[in-house]
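Paired with chain B in one complex and with chain C in the other, chain A is shared by the two complexes that follow.
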Partner chain A sequence: MSQIVFENVVKRFGDTVAVEEMNLSVEQGEFLAIMGSSGCGKTTTLRMLAGLETPSDGEIRLNGKRINELKPSERETPLVWQSLALFPFLSVIQNVEFGLRMRGIDAEQRKKQALVWLEKMEIADLAERQIDQLSGGQKQRVALARALVTEPPVLLLDEPLSALDANLVVRMQGVLSRLQKDLGITFIYVTHSQSEAFAMADRVVIMSQGKIEQVGAPLEVFRKPASRFVAEFVGSNNIFGGKVQSIEGTVVNIETALGLMTAEWENRAALSVSDAVEVVISADNFEITSTKGENENAIRCSVVSEEFIGTVVSLLLETESGVELKIQKQQREIAELDLHVGTELWINWVPDAVYLLP
Partner chain B sequence: MKNKLDLYALTWRMPVIVWQLLFFVGPLLFMIAMSFFLVKNYRMEEAFEMKNWIKMTSRGYFWDAYLYTVFLASLSTVVTSLLAFPAAYGLAFKVSESTRRWAIFLLIIPFFTSYLVRTFSWYVILAESGVANAMLAYIGLGPFKMLNTIFGSIVGYLTLTFPLVIILQTLSLSNIDRSLIEAAQNLGAGRLKTLWSVTIPSAKVGLIIGAVFCFILSFGDFVAPYYLGGSKPPTLPILIIDTTKAGQQWPRAAVVAVVMMLTLMTVAYTAISLAYRKRR
Partner chain C sequence: MNTDRLIRWAIWLYLLVVFVFVFTPIITSVIFSFNSDRFPTVPLGSFTTKWYQTVISDPDFWKAVRTSLLVSVCSGVLATLIGFCTAYTDFRYQFRFKGAYIALALLPPTIPLIILALAMLAWLSKIGASGQVWSIIIAHTVLCAPFAMGVIRLRLQQMDPDLESAAWNLGASEWSAMKNVVLPFAKPALVSAFCLTMAVSFDEFTVSWFVSGLNKTIPVAILEVLQGTVDPQINAIGTFVFFTSMTLVIIAQLIFTARTNRSS
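Coming up: the complex of A and B.
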């Protein structure tokens, strides 16, 4: 039995539908990331789970029991807020003790338990500090300790890392991943950041306009997007329109602006010759050479712009027929090519790299 | 460079400094000085003697009036704050933004009319054969003596301070970060526990400032204890009036006023430090 089940859950705010007919199951001990741009319904989903919003329709079950009507205070679903929502009028340890105090646990016991969690989060020495004396990363740890001190079966996180600088985000990702594995409890993590979701989650849910677009492992979502929206949302994909030229078993030949492409078709739906289709080639799936190689899937391009993002370089190329292509390569891989705006080069791709959008 | 900058800043600060000196510091210093003056043949003479201070502070009725005024102002503060809180809570959390704006506007309206006029309308309502007793008689109760009682005084103080305290409390409650309240519920706090351990501490500064205003206004008010409270026993503001009427004793009234100022300063300072105090 799945630990958390959303069954046909709908949430309306007046006339606007925030979440539409959501069906989703979450297994015990899973790290699930819900991803989407702002207003897609991901935070509403999380808040319904915490009881801060009531579903307009459908049913949410926790361990098989309907929880739609449970008050927030009656649920064991602590949430880590984007703003962290630490109580500024309480000290660090008083913040962590809060959940225990509300459950009527005596002072000595709750102090002991709170200290255990502060130690786990490596901030025991800050116990007596005020919240406004802490750094961003320290506050993050206090918020986690406060949420986890009651040893809940599920932890909900609403973009908790969005206020931190890049270095700290990577460190906190490590902390969260390890914590989730050690505790073995379910983490449901809402984010708009693909890198955070892919770095930590076992499964990723992509939402758009209140609907789930795709659920799957990060790599699956990345390599096999279920829709054009997902293909555009995750990473830098090149999407080409095309027309089916011929079908040979599971192999489909498609006429595109880059010429003839072949792709695997796993028979997800009927497909016939001359259907309009879309194919995807990920930006990292191109090879760049200075001369035409032996690969027949090759095309001549010139460099339009170059963007250096750390270890990876992002290139915008244009074919002779005017098709724009996004390409990402390791910086040291293309250093020897000595690229400038206007440089002419050849790109090629292996047939495997072509993915046919369902 | 540094000097030039200071001169520039000083020029712009001048109006504030001048107004403060002219209308606050000046009269205050004069009042303090006056408390050492003497009155001879109904005329005030400049002097520097402790006579007024000794005379006033050695009198039992002065300290009776002092304690009674502190008691009435404290009672008014507690009653007003407690009555205002549910109203402010409702306005802050249970109504829409626009309703709240209208409510605050309506709460300002009482200040358009004279406080004295509003107090006199209470006179009609609370009188022995007034509106309130007539209505109570209709359901078989009363008549109650409401004028010339502590109850009367408190009604008067409420007329003066209630709208202001509701406004101050509403503003402080509606400025609370909602996620703090949600976080409390999320961590297992029911309604009352959330109210007590998160909502009130979060709005502490505003609630205390509301109470301080209530205390200051009630402490210095002459109208409510005089017309609705019956002036017996007298409060300090009533004592001031009586003292000035009896033999032009302005210096002795000044003693009362200075004592009142010192009391209010102590109360306000203590309350504000309490409001901004950090735990531990």
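Coming up: the complex of A and C.
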């Protein structure tokens, strides 16, 4: 039995639908990331789990029991808030003790348990500090300790890393991943950041306008987007409309803006000649050469712009017919090509690199 | 550079003028309260505390002090309580006509005191409650609650709206979240609202004069002394009232700003 089940859950605010007919199951011990741009319903979903919003329709079950009507205080679903929402008038340890105090646990036991968690978060030496004396990363750890001190079966996280700087984000991702593995409890992590979701989650849910677009492992979502929205959302994909010309076994020839291209397509049953299809080629699936390569698919391009982000270079190319292409390459791989704006080159790609949207 | 200095001098001068205008009469009153002459004239007579002795030995004065303290403490508590409830409603709930609700809650200080006093007198005597100590308390609570609401509302606006939800999320019932999160957060504002409303009530004359009947508060007692004679006792009482109110207001200010700065 799944630990958390959303069954046809709908949430309306007046006339606007925040979450539409959501069906989702989460397994015990899973790290699930819910991802989408702002206003897609991901935070509303999380708040419904915490009991801060009541579903307008449908049913949410925790361990098989309907929890729609439970008050927030009657659930074991602590939340790590985007704003952290630490109590500014309490010290670090008093913040961590709060959940235990609300459960009527005596002072001595409370303190002992809180200290255990402060130690796990490596901030035991800050126990007596006031909240405003802490750095961003330290506050983060207090928020985690405060949520976990009651040893809940599920932890909800609402963009907890959005206020931290890039270095700290990567560090905290490590902390969270390890914590989740060690505790073996379910983490439900809401974020708009693809890198956070992909780095930590076992499964990713992509939401748009209140609907789930795709649920899957990060790599699956990245390589096999279920819809055009996902293909655009998860990053640097080139998407073209096309028309099937011929099908030979698993090889499909498609007429696109880049000319005729060959695709390797297992699931050919769904396709027939002259079907309209959408072709996705990920930005890292192209080879760049100075002469025409040996791959089935190749086209001549020139460099429009170049963006250097550390070890990776993002290129914007243009074909002779004016189609723009996004390409990402390791800086080392293309160093010898000596690319600059206007350089003419060949790009080529294997049939396997071509993905057809369902 | 030169204009900079000019502006700075102008600001200092302005400040000086403000302080002179505000404090000269008060300081004069303090000085004359220790002056042995019956009439406030320069040059001064010798130093004396006899006006204070007269005041202290006057049972009417003590009665007025007792009434004033009782009234200001009670209406301070009531006004703070009502002010907190209104401010919290504003913080927590969204509803139709909320703007009207807030405007209504803030209305009393905008009504001319004399009108408010007459209305209070008419209403209180209609329900047979005029001339009592608690008639003054009711009237002052009405007058002071908006001040308390203003101060507390300012504080609640600084509160992360997630804070209360966070308490529920950690297992606190609504009452428990109120007791353990909202009230502690608002505490500096509650204390300063109490001090402030107490000071307002302590100083207030017009409404007190209309509804107090025989239960004179200090400002009413002062007027009654003045109506009879010019008596330097007034200076002594004035000094006492001034320092009481100032102390309350300063405490209110200190608590509010200190706590607000620390937690923001």
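Some points to look at:
Methods note: the second predicted complex is superposed on the first by the 347 of 358 C-alpha atoms of A that agree within 3 Å, B and C clash if a C-alpha of one lies under 4 Å from a C-alpha of the other, contacts with A are read in each partner's own complex, and residues count from 1 in each chain.
Heads up, the rule we're going with is that a contact is a pair of C-beta atoms (placed from the backbone, for glycine too) under 8 Å apart; a residue touches a chain by one contact, two chains touch by 3 or more.
Keep in mind it's a predicted model, so treat the numbers as computed, not measured.
After alignment on the shared chain A, the placement of chain B and chain C results in a clash.
By the touch criterion stated above, A:E128 is placed in contact with chain B alone, chain C being left untouched. After overlaying the two complexes on the shared chain, residue contacts for A:F308 are found with neither chain B nor chain C.
In the superposition on chain A, A:R103 contacts both chain B and chain C. According to the touch criterion, the shared surface of chain A, contacted by chain B in one complex and chain C in the other, consists of residues 50-52, 71-73, 77-79, 81, 83, 85, 87-90, 98-99, 101-103, 146-147, 150. Residue ranges on chain B touching chain A, taken from their complex, read 177, 179-180, 182-190, 193-194, 197-198, 201-202, 204, 278-280. Chain A makes touch with chain B in their complex at residues 50-52, 71-73, 77-79, 81, 83, 85, 87-91, 94, 98-99, 101-103, 128, 130, 146-147, 150. Chain contact summary for the complex, chain A toward chain C: residues 50-52, 71-73, 77-79, 81-83, 85, 87-90, 98-99, 101-103, 132, 146-147, 150. Within the complex, the chain C residues that touch chain A are 160, 162-163, 165-173, 176, 180-181, 184-185, 187, 262-263.
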